[in-house]
Structures are given as C-alpha cells and as structure tokens.
Amino acid sequence: MLRLVKSSKKVGLPPGTLVHVGEERMEAVRLIMIAYDEARFQEDEVEAIEACFPLKDKPGVTWINVDGIHQVDILERLGDYLSVHPLVLEDILNTDQRPKMEDFDTYVFVVLKVFGYDDQGDKMEAEQVSLILGPNFVISFQEKPGDIFDPIRKRIRNSKGRIRRMGADYLAYALLDAVVDNYFVVLEQVGEKIEFLEEELVTNPMPETLQTIHDLKRDMIFLRKSIWPLREAIGGLGRGETLLIGDSITIYLRDVYDHTIQVIDTIETFRDMISGMLDIYLSSVSNRMNEVMKVLTIIATIFIPLTLVVGLYGMNFKYMPELEWRWGYPMVWAIMLAVSVAMLVYFRRKKWL
Amino acid sequence: MLRLVKSSKKVGLPPGTLVHVGEERMEAVRLIMIAYDEARFQEDEVEAIEACFPLKDKPGVTWINVDGIHQVDILERLGDYLSVHPLVLEDILNTDQRPKMEDFDTYVFVVLKVFGYDDQGDKMEAEQVSLILGPNFVISFQEKPGDIFDPIRKRIRNSKGRIRRMGADYLAYALLDAVVDNYFVVLEQVGEKIEFLEEELVTNPMPETLQTIHDLKRDMIFLRKSIWPLREAIGGLGRGETLLIGDSITIYLRDVYDHTIQVIDTIETFRDMISGMLDIYLSSVSNRMNEVMKVLTIIATIFIPLTLVVGLYGMNFKYMPELEWRWGYPMVWAIMLAVSVAMLVYFRRKKWL
Amino acid sequence: MLRLVKSSKKVGLPPGTLVHVGEERMEAVRLIMIAYDEARFQEDEVEAIEACFPLKDKPGVTWINVDGIHQVDILERLGDYLSVHPLVLEDILNTDQRPKMEDFDTYVFVVLKVFGYDDQGDKMEAEQVSLILGPNFVISFQEKPGDIFDPIRKRIRNSKGRIRRMGADYLAYALLDAVVDNYFVVLEQVGEKIEFLEEELVTNPMPETLQTIHDLKRDMIFLRKSIWPLREAIGGLGRGETLLIGDSITIYLRDVYDHTIQVIDTIETFRDMISGMLDIYLSSVSNRMNEVMKVLTIIATIFIPLTLVVGLYGMNFKYMPELEWRWGYPMVWAIMLAVSVAMLVYFRRKKWL
Amino acid sequence: MLRLVKSSKKVGLPPGTLVHVGEERMEAVRLIMIAYDEARFQEDEVEAIEACFPLKDKPGVTWINVDGIHQVDILERLGDYLSVHPLVLEDILNTDQRPKMEDFDTYVFVVLKVFGYDDQGDKMEAEQVSLILGPNFVISFQEKPGDIFDPIRKRIRNSKGRIRRMGADYLAYALLDAVVDNYFVVLEQVGEKIEFLEEELVTNPMPETLQTIHDLKRDMIFLRKSIWPLREAIGGLGRGETLLIGDSITIYLRDVYDHTIQVIDTIETFRDMISGMLDIYLSSVSNRMNEVMKVLTIIATIFIPLTLVVGLYGMNFKYMPELEWRWGYPMVWAIMLAVSVAMLVYFRRKKWL
Amino acid sequence: MLRLVKSSKKVGLPPGTLVHVGEERMEAVRLIMIAYDEARFQEDEVEAIEACFPLKDKPGVTWINVDGIHQVDILERLGDYLSVHPLVLEDILNTDQRPKMEDFDTYVFVVLKVFGYDDQGDKMEAEQVSLILGPNFVISFQEKPGDIFDPIRKRIRNSKGRIRRMGADYLAYALLDAVVDNYFVVLEQVGEKIEFLEEELVTNPMPETLQTIHDLKRDMIFLRKSIWPLREAIGGLGRGETLLIGDSITIYLRDVYDHTIQVIDTIETFRDMISGMLDIYLSSVSNRMNEVMKVLTIIATIFIPLTLVVGLYGMNFKYMPELEWRWGYPMVWAIMLAVSVAMLVYFRRKKWL
C-alpha cells in the first residue's frame, strides 16, 4: 500500500547520513551505461560504478541508469567522484521525497514519482525516480528495474527521432517526458475504474461499492500530493533558469509542463467525480431504504385494519347480532375487499405503487 | 461521451511524432481556402494543400480552413512549408489538448475547445479547434465540418462589418469570438436543463432526477476544465504581447476576454446551483420517507390498540362478565371509536395530519 | 426571474453590431438633461438626443440620463457625436454585462448592476446601469425609470452638499455611491428574510422552508456574481489611474470601494448563514422522523405483546387450565398492566418519553 | 443581537453628512482628557470639547477619550478644529464600519471593533472603537463607557511601564493592544462554550444543542468578518508606512499584528471544530434513530410470529386435531419459547443486543 | 488537552511584562551549557545563569539549553546581559505563541512547537521550544526536559558528522531539524491510528469510532494551525535574509524547509482521509439501519397477512361453510405456506435476502 508518512527511521541521524529508507525491491543493484553521440552508440551492463567514471570526460552523452538504490556504497563513491552534495545523495536514498528540482550550477537534481497498479489492478504502487543531469551525462536512479525508460533506450539504439543529435539536456527531457506520459497510463486505468463504478452504482450499488469509492479517493489524494509539486519543479526547468539546459530544449520542457498541468487537471476532475459518486451512493442507499419502508407501510396499512375486522367477529360476546346474520360472513369479505381496494387506490394516487 | 483522460496511445513515442489521437469524425479531409482584401474575394475548395501555398506571399488575407485532421500527411506538408514546430503539429493532431496560446514570433498557435449537445440533447460533445495565425494568413483546424465559422464566412463574402478592411489578426479574433459565443449557446441549453430540473424537483422528484443532476454536474466539471485555461490564453493575446496582433485589435480581444470571464462565472454559478439542487433532492427524499413513516405510524398507532381490544373479548375464559352484558358489544364499538378519535386529535395536534 | 446566462441572441453577429439584448421595460425612451455649475442650474426633458450635444462644450457639468435603452438609434447618434467605441455602445445595449470599468483616455465607461425585490418581495430583479464620464459631462443609462438617482437630482437642484461646486468626476462618484448604497437596501431586505426564516426554522419547519432557503441561496449566488467584479472596477477608479478623475475625488472613490468590500463581506456572511440554515433544516427533518419513529415504536412495543397475551387465551384447545380458573380473566388484565408499566418505565429511562 | 448589514438609514444622503447610525447606548456623551509626559500627569472630565483644544499645542501627550458618539455637534466642532476630513467623521458616527486604517499625513485614522458577551453570556455584542492619532495627541471614540482602556489609564496614572516616557504613537499602540487582547478574552469564552458543548454532545445531545451550535457558528462568522480586515490595517501600521509612527514603535505594532494573526487562526480553528460538532450531532441523531428502529424490529420480529401461532389455534375449524391433544396447549408454549430464543440468538449474533 | 486559545492571563498588563503563561511542567529550571569547537568539548549543568555569561566572548560555539521556563528571573538576567528585546522574553515565557522567526540583527529569535502523544497514546500534547541564535551561541528554551535534542548532544560529544567543525548557525539548524524530524514521528503515530481506524470501520463500526475520528480531526486541526506558520519562518531563514546565518547553511535550511512542506502536505492528506472516514462511518450507519429495516419489513410482510388468515377463521359467524369442511384446516396451512413462499421469492428477487 502507499505510504503516506515519511518514515521516522532517519530521525536523529546527522544530515547527509546515507541510509536507505524504503522497501528493498530487488536483490542486486544493476548499472547500465549507455554512451552515444550522432555516430557512436555503446551499451554496457557494468559491475562496478567506477567503470562509468572515465566516460564523463569523453565527448557525447553518457547515460548511467541505476536500478536499485539500497547499496549505499555505490552512491557514496559516485557522489564523491562527481562532488554531489551529501543532502542530494540522502534524497536519492530516501524514497519518501516530495518531487522537486534543485539546481547546483554544475549539476541539476530532479526527484520524481512513478505510479502503477499492482498485478491484480487493485492497489496503487509508487516508485521514486531521481535524475542527476550534468553537462554531458545523465544519471538516473530507479527503485526496481522498470520498463518506463525502455522506449527511450530503443530510440537511442535505433537512432530514431532527434535524440542522438541532441545533448544530455534533451536526454533528461526525454526521461521526464516518459515519467509524465506514464501518469496518463495510470490515469486512464483510474478513468476505467470510475466508469465501471458509475455503472455499478446505477445498476447494483453495494456496501463494497463504497469501499471501492473510498479506495479510489485515497489513491487520488495520494496522486495529487505526489504530482502537484512536480508542476513547480518542471516549470522551473522550463523557464530556462538552469544553465545546463539549452534554449532549444525549453520548448520541449514547456510541453512536458503542459502535460503535467493536464495530469493535475485530470486528477482534480477525478476527485470531483469521485465525490459526486459518493453522493449518488448515499442517495441510492436512502432510496432503497425508502423503498423498503414503502413495502412495509403498504403491507401494514392494508393488513392491520383487516386484522381488526376479523378480530372483531372473533369476539365471544353473547349478543352480537351480526354473527347470526345469514350474510355476515360474506359481508366481512366484502368489507375487507373494499378496504383493500381503497388503500391500493390511495397508494397509487400517492405514487407509492 | 466526453473523454476525461488524455489517451495513452502516444506513450513511448518520441516527441513531435505525428499520430492522430482521437475519433475519426469524417471520411475525407476538406480544405477550404478564402482569400480576400477590401476589394477582392475568392473562395475555393482545394484538393491538395499545396494549392494554398502560393497565396501566402500575396497581399490580402488568406484563411485556410481544414475540416478533419486525421490525414497526417497534409499537416506534415503544411508544417514543412510554413516551418511550424513539430510539437505544434503534434498538438493539432492530439485532440486531448488543454486550451492554450503559444507565440512563436513568426506565427501564433491557439488551441480551443468547441462544445455542443448531441442530437438527442443528452450528451455533451467536444471538438478541438486549432488556429495558426501568421502575418497575413490564418489556418484553422476542425475535427469535423461545423457551422460555428459560417457567420464569419458569410460576413467576409458579403463584406459586412469591418472584417474585409482588417488584417489576419482581426480574422483570428473573429474566429476566437465565434468559439466563445458558441459557449453561450451551450450554457443557455444547460440553463434550460437546470430550470427544467428545478421544476421537476419541486413537483415530482424521482431517482432518475438524481442521475440527471449528476450528469449535469459532470458536464460542468468538464466545461470548467476545458474553458478555465482559455482565460489565460486569450488574456495573453489581449495584453498585446504578440507582435502579430495589432494594437487596434487588442480592444476586441479584451472584449473576448470579458466574455470568457463571463462564461467561467456562469459555469461556477451553475456548479453552485447544481449542488444546491442535490441538497434539495436529498432533502425531498428525506421528506418522502418522513411522509411514508407518518402514514405507517398513524395506521399502526390507531389500529394496533383496537386489535388488542377485540382480541381481548375473543378470549375463551369461562368467567368474563363483559361477554354476558347486554351492551357489551356496542360498548366495544364505543371504546374503539373513542380511542380512534383521541388518536386523530393527537396526530392533528402534532401536525402530522 | 434573474437570468443567469448571457443571451445567445447576438451569436454570429459582427462585433459592434448594436442590438438591444434584454427585456424591453418601458415604452418610450426618456432623456433628461441637467446642466449646472455653482451658480447655474437647468433641467430639461429633451425629445431628441441632438438637443444635448451643444452643452458638451459649455462650461459647467452636464448630466444626461437616458431611461430605456431599447431605441438603438439614439445610442448610435450619441456614440457618433462623442466618438465612443462601438464595443462600448454594444455593452450598453447588452444587459447581460459583467460590471466593469474601462478607461478610453477621453472618456471612462462603467457598467453596474442595480438590484431590487419585486412588489411581492419574492423575486429579485436586476437592472443594468451604464455610465460614460467625459471631461465635463456624465451620461447615465438605465433600463427603466428608477428612483435611485433621485436623491442626487434633488441635491443638485437644492444645491445641497458640495455637488454643485465640484466637476463631472464628483457627479460620477455620486452616481456610483448611489448604486452601492442601493445594495445595502437590498441586503437589509435579505437580512430580514434570513431572520424571519431562522425563526420559522425553529418554530415550524416545512418543506416550503427549504424552497425559500434555496431561493435565497440562489439570490446570493447571483448577487455575488454581479457585485464581485465591481470591486476591481471601483478599485481601479480609486487608485487614480484615470486622468479624468481628479485627485480630490479619489478619497471619495476609496470610500465607495470600502462600501463595496463591505457589501461583498455581507454577501459571503449571508451565504455562510444560509448554508447553516440548510443544515438546521435537514437536521430538524431528521429529528421529526426520529419523533415519528419513537411514537410508532412505543405504541407497537407496548401493544404487540399485549395482543399476544389476549390471542393466547383466544385459543380453542380443549385442555387449557387457565380458562377454567376463577381469576383467569383478571389475571390477564394484571399481566397486561404489568407489561405496559414495565415498557413505559423502560422508555422513560431511555428518555424517549 | 449582532447586526450583519450596514443600515440603510444613510442611503441617499450626500457623503460627509454627519448622522449617527447605530443604537444610542448612553445618555450624555462623556469627555475625559488625560495629558501627560514623563514628569507631568493631569486627568479631567471636561464639559465642552473646546476645553481640550489648547492642549494640542502643549508639549507631552494628550489623550481625549469620547464615550458616546451620538452627539453629532461635538464631533463636528472637533473635526473643524483639527481639520479632519468629513468622511472620517462620518465613519466615526456610522457604527457599521469595517475595521480599517487610513493615513492622512497629519493624522492617522483607525476603526476597530470590540466584542463581548452580554450579561447572560448568551449573545455576543459588538462596539465600534475609533482612534485618531496626531503628532502629540490621540482621540478615542467609544459607543459606551467600557473598561477595556482602564488598565492603560492606570498605567499612565501610576507611571508603570514605559508609557509615560513614550509619545502619542506608543499610546495609540497601547490602545490597539488593549483591543486585540480583549479578543483573547472573548475567544476564551467561546472556547469554554465549545468544550461544554462537546461534552453535552457525547453525554446527552438534544435538539437545543443544534441551536447552540448554530449560534456559535454565527458568532464565529461575525467575528471573522470583523477581525479579518484588522490584519491588513494593523499590518499597514507595522510596516512603518506612516510618518506619525516612530521606528521604535513598529516592533510593538508587529507584536500586535502577530496577536491579530493568532486571533484569526483561532477563529478558523473554532470554525473547523464547530462544523465537526455538527457532524457529530447529526450522526448521533442517526445513531439514536438506529437504536429506536432496533427496539421496534426486535419486538415486532419476536412477537408477530408468536401472535400468528396463537391466532392459528384460535380458529374455529371443526376438524383441528391439535385442539383435542392432551399436550396441545403446552406444545404451543414450547413452540413460542423456541421461536423467541431463536430470534434472540439471531439478534445477538447480529450484534443488535 | 491542547489549549486552543491564548490565555487571557496577561490581558491588561503592559507589553514586555514577564509573566509565565502556561502549565508549570517541572520543579526546578535546569541549565545545561555545552561549549565546543573542533578540538574542544565541555558540558556542564550550571546552577546560575550568570555562569554562562563569560563563554559568550570565547571562541567556539556555546549552546545553553534551558529546561523549564517558569523562573522568570533567570530569563530577565539573561535578557539584560544579551540585550534581548523585552517582547522576545515575553514570547519565550508565553507558551501560546504562534511559530515565528524574527531577525534582530545581533540575534535571531525562533519559536517552535514540539508535539507528542501522552503515555496512553490518546491525547496529543504540545510543548513550546524557543531558540536565540547569536554570532557564536545558541540558547534553547524547553518547557520540560525532553529527549528531542539528545541525538544532537550525542553527535557533538562524539564529534560525529560535521557539527563540531561548523558554527552556531549550523547548531541552530540541527536543532530546527530535530524539531521537524519529531513531526514525522508524531505523524507516523497518527498514520497508524488512521490505518487502525480504517480497519475498524470496515469490520465493526461503533459510536465510539466516531468519537475517535473526531479526536483525530481535532488533533489535525491543531497540528495544522501550529505547523503552517513554520513554513514561512523556516523559509525566511533559508532565503539567506539573515546575516547570522552563513551561505553554506542555507542549503541545509532549504532541506528543513522541504521537510516542513512535506509535513504540511501530510497533514492535509490526513485531513482529507479523516473526512473520508467520516463519510464511510455515516454511510455504514445508514447501511445498518437499512439492514434493520429490511429484517423488520420481511418479518412483518410475511407474518401480518398470515395473521389475517388465521384471524379470519377465528370469527364466530354462524354460517361459515369453510369451518365445516373436512380439509379446511390443512387448506389454511397450504394457503399460509403459499403466501410465505411467494413473499420469500419476492424478497429474493428484490435482493433483500
């Protein structure tokens, strides 16, 4: 399930202490290094992070993707080599971060969240993705090997699109774009759940429906909390305040920014719709209760007076002239019929039937 | 029905890939070119987009209207010829855009939404309209042939108003104005639906009424989401930040801006009213339940004691002096009458009758 | 009733087309011209608008009040003579305007709304008032002859206060002040309705009460929508951005601005109070249902067991020793009495009685 | 009770007309003049306002406190002598002002509200306090003689604290501070009411509880409306924009500003808590209804089947073998007992008992 | 319990009067002085505050921690020696402060709140922590001896992390960080309570559940009120507006700022979730009532008609042919069985069973 509170695991430790906070999602950390320029392309799975260091000073773009962040020493050595601030390394390890962008002149640090439903499609899961963008390299950190960056790897391999002709800033943009595109996939799933629920609400509302509405609401609260700050982070990148990002890239970043706004709009819309569904659910519960009460009232209102009538002639008074009448018994039937019909007419006029 | 989430169809493709996202709403793309200045007027349906190219360099204003956007190659050739940024072409094709305005110095790009109810007047439909404004031309893209631009075509043809004396910026304004005016038509329909519903709520609320309120609410959420960003887009145009728009046009654009604000105000007002209707509906359901309960309570409260009385004298005890009384039976009637009257008086005093 | 949507009557017409949008509220347009300075005072009802033109160039202040705006040609001739922008004339004719202030250097244009309850005091009505302030003249447009400007006319006539010593800007201020003062009159009426309703809610809530609450809520939504933009409009005048308004007048305009804020505060307060009344209403409905249910439960709980007892001894078994007992019948009475008393004690302890 | 709307008494009068709007709260206006510097102290109740005039030009600080504002002529003479703008005098007389601060270079004008519960502690009452701060004098206006300024008077008399060493600006600060401190007194009373109500809600909710909640809510709406604008007014003074207020005083005014923010925070918190209490109340009403329904259902469900059984053997068929059985009657008792026990077990398993 | 209103204890006293407002939480005030630089470390519990004075002028950093603030004279002497403004001393003593930061050039004053649940884990408690940061010293004030600063003391003692190499500004940062980290501990506890409640809501909602929800809501209101202003205070420190805080420290303060935002986000998320739980609770109450009503209706609807049937043949008419029939009695049983089965089928089709 989604964790809502930052863990207290680190409370009391000095700032910059590198401790992995979060679930360990894979066994061994996997390092994949891709180096390319317009002519050249090289892709390697490296054992030790040190193997990546020489590439920093070569021409072209180097992209190091780190799957799994629980091996603290890798990060430490990388941080030492690139002179990354200890607080940044701490943020990468601590998977409870709020999305943000920080510009340290020689590198830019971005933290993002990636979402997805689990295999049953029931529970939303979140993963933290961090990026470090340098002059000619990008380092990305994921909690577990995921497929959201695969299309970009393929594009680089096949030299599709402009990616091979552009610098590290374009690569960083492409990664951001992939993350934001992923939100649309998740929102589409949420949209389908909402449509399914709306139909269920009309045809057959059940107490479980309420639980599902509540779960969706909770997911939306979580998504909102995690994506809202992204607006500011990507907006900051798109305004061209960062020297590491070229002018020609800002238009692309503004495009990602537009998509982020669209994601936020959609989340707000879903929130409104989900709270509307709650209203419908509650009112359908009321309507059902109304129906139940009507059945009770109709039955009771028709039969209780009839019961009085038959009870009346069950009395044992010595002097009850009706009991002696020849047509007494049929008369009772007639009275009962008349009362019933009168009641039914009354209920139909009240539109209860 | 209105789609609420951007399609995930494009996820993973490189930016600027031209893929049509949305329903295909017509068979063949239709290109209509109108060229005019104060003296001249020419209107042609052209086969190939290339036929429009020479006009760009002629004096006067050229308006190319493209109905149907699913033929990607037309857009590609147009984009190449006018050096439009690939991301703009992508935005035109992707019908899930958020309304926005972007200024690229040599041209201005505007995306808008047009709304309308379907033929049954039940479901709201949205269409995306894009405009490219150049120094002496306007290109408009619609998803399907619509009639919202017809009055402008007529005005140009008949040389009515100032449109023939003005430049391409005035034409762009006129198209924007037509789109915003269209919102008032839709809101008027919504207003009628609301008035109809309010009467229905008072005279005869039904479970279906709730569904209609919910549908209206959803439409309002959608309209709001789609029109709110327009404020900023048209505001940007009206502030005269764009070189392609002359100073004399800004006052017209401010007028359109005022109308947009009015549309947004009205949407907010409708939202407030619709949520007020929900309150009334829920309370009318409660009131009905109250009424049902009162009927049940009145009937039960009157007849259950009477049933006890008659049950009493249906007992078979050997020694029950009343059974032997001459006036026993009439006495029971008298008691029953007295109890009933007392109950009725009690209920009337409680204002239940 | 209040119209909430701008009419679609004008959709498709070129901007600046003069068409009256709104109800025609009087037969003939009435033009009243007042010209004054400290020494002089002249008041005339003129037939043709042209009669007013010469006064523009005379010293002193000229105030032309136009009651009724459906005669488009009057406005057209006036607009031509004063070189008023066609969009301004259009705004005067279109009675669905949002309050606003526009500064055109040679004149300032202000649109306002005036409110009032109809003669039955049931329905709120709105009227649009427009002002054009020039260097030495003010032209005011009203939809129907109203009395809100009468006190000002009287003050000018009687040379009361400083109005005769001041310029056209002071006159414009006085008119604005009269309009805003009028809001307090309307809000006082609303306040009385709210107080009346609150008492009704406590003493005798009825389904109609809900309708009245809803109507008030709707009126508040409407007032809010119409007065909120005024804040900005009058604030703009008071900040002294307009050359036509002298420095000595800005303090008066800030006073009007303060009153507008007070009006908006009061509207928000009323909205809060009205939604509080809805809560009380709904809870009083619940309380009544509770009371109804209690009566039913008390009656049923007392009498149903008794009915069982008497039914028991109505059985026809051959061997029922109790039936033969001498004190069987009184014993039944005793049992019934005991059961009833026990129940009553139970209910009293539960605080249902 | 608190008035929520500005009176319409003044509508139509020219601006600056001095008319007292509000209740007349005392018979004669009382003027108390205190003049002091570090060495000197003089306190007099003066008859005519003119007696205060000479002091203005003397060294030291003069504080004139006016209790009762309904004698318009006093204000007129004072205004004339000090050249106070007529709109300021009007604001002092009109007790429906919104709190505000206005800087007129030669004097600063501040309007405030003071609150308090009446003697029964039921109804909140408001009083308007106005201050005029000049270079070496402060004039304060109260609607009725109150004790909120008494501690300051005592401090001056006893030369306690720094007040005797400081100028008129410090005195004005001390008066503002006294007013804001008074809000804490009122809020403490409200807090006690809330705590009392919360306990009542848990132990014994009644329809009257709802009324009390509603009254508290209304008081909060009123307080909020009256104190919110104070933030801006005192903030303006504290930012040192006013020449009449020395730099050494701004830190004190920032302190008052902090207190005002705290008051507003507390009001918002109370609003949240009161609306939470409403939820609890409504849900406790639901819970009670539930309990009532359960009692009814349990009784009816147990006894109605039993009544059927006894009714069955009350039938008069000729051939009913059970009636002849020796153990028929005890058998009926056994059946009835079994049914009752089964029902009770069922209800216990459902957790209704 | 948490106090929501500032005490009125100080009302009427001159500003700067040192009076302790709040609970006295410990017997004697405890003063602990820690002096350190990279080489040196000294920790003493001192008796009199004067013992700390000489250290101010020594090199290195001095940290004086004051546990217990009710001994006013200690504060007075300290304030005199360091020339701290009386209003600051007053704020330290008054434990109802709103978190804030104030820069007095020679020192910076920060007020914070620390939260924790009591030993039963039921009631949230708040403590006020104040910091005075000078050029080479930090003075911290706590209401009672707490352990939140223990890890920092340990770090200094053990020379762990960079704390011994840095100045007083870093120490101040470390203290702030400890306070904000403490919020995560509290929020984690709240998160656990929420998860526990959510499960309880699904499995077994009870009236007490509502009370717990309400208590949590109240805690959240309180936390929000107390932490929201911290954002501004720490943001102000992090923007480097304060000369006493070195440039190298601002990145650390921005980190604390990020954590504060995260705390606020989480509080808002919890508020949303708690109000969602209230909806679920109310709806589960409705569902239960529905269930109760269904049981009643099913029982009544089945048995009341049967009772009529048996009552019918309990009548004593002389001429009732059915009574004489041989198969009359079994026929009644057959009818009753048929009616019951029909009812059950009807209820199953309605999905009530």
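The letters A, B, C, D and E name the chains in turn, as written, and every chain counts its residues from 1.
Just so we're on the same page, a residue touches a chain if its C-beta (ideal position, glycine included) is under 8 Å from a C-beta of that chain, and two chains touch if they have at least 3 such contacts.
This structure is a prediction, so every number in the text was calculated from the model and none was measured.
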Set of chains whose contacts include both chain E and chain C: D
Turning angle required so that chain A lies on chain D, C-alpha fit (0 to 180°, nearest 5): 145
Centre distance in Å when chain B and chain C are each reduced to the mean of their C-alpha atoms: 26
Shared interface positions of chain D, touching two or more other chains: 282, 286, 289, 293, 296, 300, 304, 307, 311, 314-316, 320
Contact graph of the chains (line, ring, star, complete, other): ring
Complete ring sequence of chains beginning with chain A, oriented so that chain B follows: A, B, C, D, E
Interface residues, chain C side, partner chain D - complex: 150-151, 155, 160-163, 174, 177-178, 181-182, 184-185, 187-188, 190-191, 202, 251-252, 255, 258-259, 261-262, 265-266, 268-270, 272-273, 276, 279-280, 282-284, 286-287, 289-290, 293-294, 296-297, 300-301, 304-305, 307-308, 311-312, 314-320, 352
Residues on chain D engaged by chain C in the complex (per definition of touch): 4-8, 10-17, 85, 87, 96, 98, 100, 207, 210-211, 214, 217-218, 221-222, 225, 229, 278, 281-282, 285-286, 288-289, 292-293, 295-296, 299-300, 303-304, 306-307, 310-311, 313-316, 320, 322-326, 328-329, 332
